[in-house]
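Chain IDs A, B, C and D follow the sequence of writing; residue 1 opens each chain.
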Amino acid sequence: MNVIHFICDYAEGAHPNVLKKLEETNLEQTEGYGEDRFCRAAAERIKELCAAPEAQVHFLTGGTQANLTVIAAALRPYEGVIAAESGHIACHETGAIEASGHKVLTLPARDGKISAGQVERLCREHAEDPVKEHTVKPGMVYLSNPTELGTLYRLEELEELSQVCRKRGLTLYLDGARLGYGLAARGNDVSLPDIARLCDAFYLGGTKQGALFGEAVVLCAPRLQEGFRYHIKQRGGMLAKGRLLGLQFLALLEDGLYWELSQHADRMADRLREGLREAGCPLLVETSANMVFPILPDAWLEPLARTYTFSVFQRVDGDRSAVRFCTSWATRPEYVERLAQDLRRLADSTV
Amino acid sequence: MNVIHFICDYAEGAHPNVLKKLEETNLEQTEGYGEDRFCRAAAERIKELCAAPEAQVHFLTGGTQANLTVIAAALRPYEGVIAAESGHIACHETGAIEASGHKVLTLPARDGKISAGQVERLCREHAEDPVKEHTVKPGMVYLSNPTELGTLYRLEELEELSQVCRKRGLTLYLDGARLGYGLAARGNDVSLPDIARLCDAFYLGGTKQGALFGEAVVLCAPRLQEGFRYHIKQRGGMLAKGRLLGLQFLALLEDGLYWELSQHADRMADRLREGLREAGCPLLVETSANMVFPILPDAWLEPLARTYTFSVFQRVDGDRSAVRFCTSWATRPEYVERLAQDLRRLADSTV
Amino acid sequence: MNVIHFICDYAEGAHPNVLKKLEETNLEQTEGYGEDRFCRAAAERIKELCAAPEAQVHFLTGGTQANLTVIAAALRPYEGVIAAESGHIACHETGAIEASGHKVLTLPARDGKISAGQVERLCREHAEDPVKEHTVKPGMVYLSNPTELGTLYRLEELEELSQVCRKRGLTLYLDGARLGYGLAARGNDVSLPDIARLCDAFYLGGTKQGALFGEAVVLCAPRLQEGFRYHIKQRGGMLAKGRLLGLQFLALLEDGLYWELSQHADRMADRLREGLREAGCPLLVETSANMVFPILPDAWLEPLARTYTFSVFQRVDGDRSAVRFCTSWATRPEYVERLAQDLRRLADSTV
Amino acid sequence: MNVIHFICDYAEGAHPNVLKKLEETNLEQTEGYGEDRFCRAAAERIKELCAAPEAQVHFLTGGTQANLTVIAAALRPYEGVIAAESGHIACHETGAIEASGHKVLTLPARDGKISAGQVERLCREHAEDPVKEHTVKPGMVYLSNPTELGTLYRLEELEELSQVCRKRGLTLYLDGARLGYGLAARGNDVSLPDIARLCDAFYLGGTKQGALFGEAVVLCAPRLQEGFRYHIKQRGGMLAKGRLLGLQFLALLEDGLYWELSQHADRMADRLREGLREAGCPLLVETSANMVFPILPDAWLEPLARTYTFSVFQRVDGDRSAVRFCTSWATRPEYVERLAQDLRRLADSTV
């Protein structure tokens, strides 16, 4: 038998409905570059779900593409983007933001999150700096929700961040690569319309949420909308057969499939969290969406790696490490069960 | 009935075999980012077809993405890329090359092509310029084959271009968005191994050749290979589910499907060329691949546009324009037949 | 004896008054980075001369620095700058504009100049292009006055260019590296206040006009003013001892020295034009400022080069070339006289 | 009376010998762009002083210009530059490095310095990262000596840094804006030939060391030398009257003036350190070059600010701050004496 992947939420292809939709429309001829009826329909659907009739929706192929395009479109040359030290744009995009000319201004994160207070302080320090023109001006706040640590912003936190951004003239942008998993998580108190109301831009992830690939960028602030298609083309993100992206989002948003798949992943993660509790494994950080960061004895890693893939996140102490398990729309219950049992068995044998 | 699209070669989805391959493997779990077994197999297959065992093959999502990534990877900051005035990177990529910091040095094209002599002259002029450090240094030659005008480089022309590039230290890069259509065209005397031998890098198109999306970048020169995956990620071109690209190329290259589809498109274009001859319509330029540029009376354009889409390429004189018709792997014979008849009818009624 | 330089207008140091001013203030302590009293005074003086009390004036070290900073500050990422094919930014800045991410959209020039009609046509073509988002959007017009060919825009031409720029939403920017020589030329009908009124930004040259180095960038349009000092610092153009630039402009603008020096250069060029007429040498282009482009027999070049430096501009026919002679604020009358005599002698001996 | 500036080392013009040299040669005609005999002579002199006959020397106008040009020339697009968190490129160049496309990879500094061990660790972590292609590759180490905190690298530290850079394929670059002050400091054990031997590139500061402006970039590694003049021109750093830079360095290096001026500044700082000791003020960090960081009671700041300028560096505790005093080649002994007395007086009155 092959190994079972818990290493990420993009190990499979797409939900069957997505493939079916692609097939059904396969030989239909349409306009290129995202100007077809499927993209239009998907954009309308997303604006409805966001309760944001004035927003623009654009479909891009991936998350880094979305991030670098939105950020380069929003910032002036001397502005930088504020992000958590652990933020994806700060760590895992090979300097894509810098390659478009902008500095990432990092803030220490608490469980992957940054706060309105931190942003306000940074802006105030910049504004009061007698040589501020020798430093990068904060121009944007980048959040991810769920964060890289799988945690969620609470509505109150987002409200405060939005407020400080508006006060300080910063664009608020939310990376929603796993937004569905976040919205479906137990205890989450944020809705899609909240996000559309509080952020200037965000994207609703497809790649990790059941699509083959693709992210839906939602531009809420009018100032970001002008000329955005030029940006997409210039950065290499405009798909010739743009319809593929519209079609996939149509399939996912039909009859609430997107939310159903998100819930599935979160329930699988809940079961895994339960299994970890049973096995006596503490968590590095409390999460309720689809990523789980248990602290495991190093001695367990090799036996587990024979059956499962996962990533080693960080060393915790002399003989324990935090690892990351991801569930997804495609995670099979029997695999989570099996992992829970294996963890229990390791716990038992350790005692 | 809907209009019939001759406006481009990406109006449909993908060849059914491509979708079938995606479905068959859909729930299989693989590594991400193009490091899976499908990408490896497709890369091996392409290297075999190119007779280039030392080459590297990388799969990117689209043509602009491929062009900007290869060009930015190859050039030093003060170098520019030589291209035909009509070249895609010079005209239709929203300044993507400039956005990565490099000037496109344009040469007047003859039927869409540039010559070794022109390149040599430009390099010599640069080398002899007493203030050459005030000008951009030529660092690369960009060709497309077929060109934007649907024409093909002859083997002799490519040999000469390759020679001058090697002599002058320029990287030779060939944009093969429609390379299959070029290789399958009547009269073509260039093979894939020729291209791999003569160029430092090129890409074999998927998007316009029967895939949903995707291009296979082949790096022949070792100096271009180092660190190329960093470039892909930085430019936003690294697909999380990279396998989608490998799988599509595997499907297309199985049993020669790629060449069969290419031939089909070219034969459809041949039939259209014949129809145009019958209708007495001259061609702007002689082509043998899948793009046809007839010169039509302006009075025909509106009647034709009721049934067909096509692009108006340029005004030729007071009452005639050159238009572009594209065939593709998906073009139905009955549609070409119908277009040929409609052209004949317009010709008859005009007399 | 050394050769006599007519190759450029920056072969000497500075006008003695400039050095004197630097010396007189040398040990005075001031703030850095252009925030000292000399820079403030020089900026005020320039705004007065421009009749532009709302303008901002910034001092930069050189022309390429000024051009790349203003252009990068004004354009959005997908916008390009329109320039004459022969424009300095298009030819002689090693792709500095492209290095900041922007394409230079070249227009064929007539005697170094471009027209409002050409700009309007380019903008209209862009606006009407069905795939305009695949092309670079014109965002600025770059002129130089005098042009690279030493010619001058007439007031009417500038008025029309300004009008089309305002209509089309383009920034109008004028490179005034030799602006004094232009304003002092016989037949010129443009004034500094005209330029400040019609352009959104321009610079008043120092380097070629009697300073050691330095250019005064005048930002007339409020939208260009915000954050400009950040741009200067980011591009490496903010001089620690910024006062050096303010002081030099103060020296040059005192008692009209700048205009006096400009006139001197133009009168020297007038004398050279007269000498050329006497020697029967035609001009490539009619100029009235400090650059002269005679067409000379190739046989004359070597004998002339024994005594004088000049640049060979272009080949004209089988045995003649156009060359460029520059005069400057420092050109000595006896040298021009001598050159005129030598030309006459060559003409006599040729007959 | 005016305030006395201790806020920086560039509050005055230049050493009189520099001005004298500019005057003596003022009306001499030379080639432009740094290809004149003065630049050649100054470059030769610097190579001699560095015992680096194979090095290239280029003169640029300022420090940010030098840094961004060298760094952009050395790195490939996906590489970043390692620097101390407090490094000038990380904090005070308005993102100039990012504007050229590269990330600054910061390391926590100890007294402004980073260590070979830190660099080795970062490189090893990168090399061992399973997703390293998603992160920026370290390509260079940037040091400043003296650092931003006025401290100096010991020879042993530089040797180790050089060794790890060579082992890991990193370019070692040293920002020598105040290098003279560093070399002349008590206890310094590094020489100019050491630096040329251990670094791949560095610059010898002029602006802060007695010149009007200008830095001498020394490229020791042959791979950095190719095409460097193109980089300078592209980044806007090529002065038309390049001779101004060569002349200034000639003046400064004549009869050891550069070292004499450096020693003067350091002795002035020594006197100030003595005065601070007498006044019982601790230092934030031990330094021996021209910058002094005493910790002063906040109550002293306002009285001191009536007579002196200085910068407040950081808050230390509830009622004390670290401030920065700079001496320079131009600092007058009587001013330091007066400051020392005022500090003593404040100390006495505080008790």
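By our rule, contacts are C-beta pairs under 8 Å (C-beta built on N, C-alpha and C of every residue); 3 or more make two chains touch, one makes a residue touch a chain.
Everything quoted here is computed from the prediction, not taken from an experiment.
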{"item": "Identified repeat of the A-C interface (over half of residue pairs identical), from A-D, B-D or B-C", "value": "B-D"}
{"item": "Pair joined by the larger number of C-beta contacts - A-B, B-D", "value": "A-B"}
{"item": "Chain A-chain D separation of Cα centroids, rounded to whole Å", "value": "42"}
{"item": "Distance between chain centroids, defined by C-alpha means - chain A, chain B (Å)", "value": "34"}
{"item": "Separation of mean Cα positions, chain D and chain B [Å, integer]", "value": "50"}
{"item": "Interface hub residues of chain A, defined as touching at least two other chains", "value": "77-78, 93-95, 99-101, 131, 133-134, 230, 233-234, 238"}
{"item": "Residues of chain A that touch chain C when the two form their complex", "value": "33, 72-73, 76-78, 100-101, 131, 133-134, 137, 227, 229-234, 238"}
{"item": "Chain D partner contacts - residues on chain C that touch it in the complex", "value": "2, 4-5, 8, 10-14, 16, 19, 22-23, 25-32, 61-65, 68-69, 93-96, 99-100, 207-208, 212-213, 230, 233-241, 243-244, 330"}
{"item": "In the complex, chain B residues that touch chain C", "value": "77-78, 80, 91-95, 98-104, 130-131, 133-136, 311"}
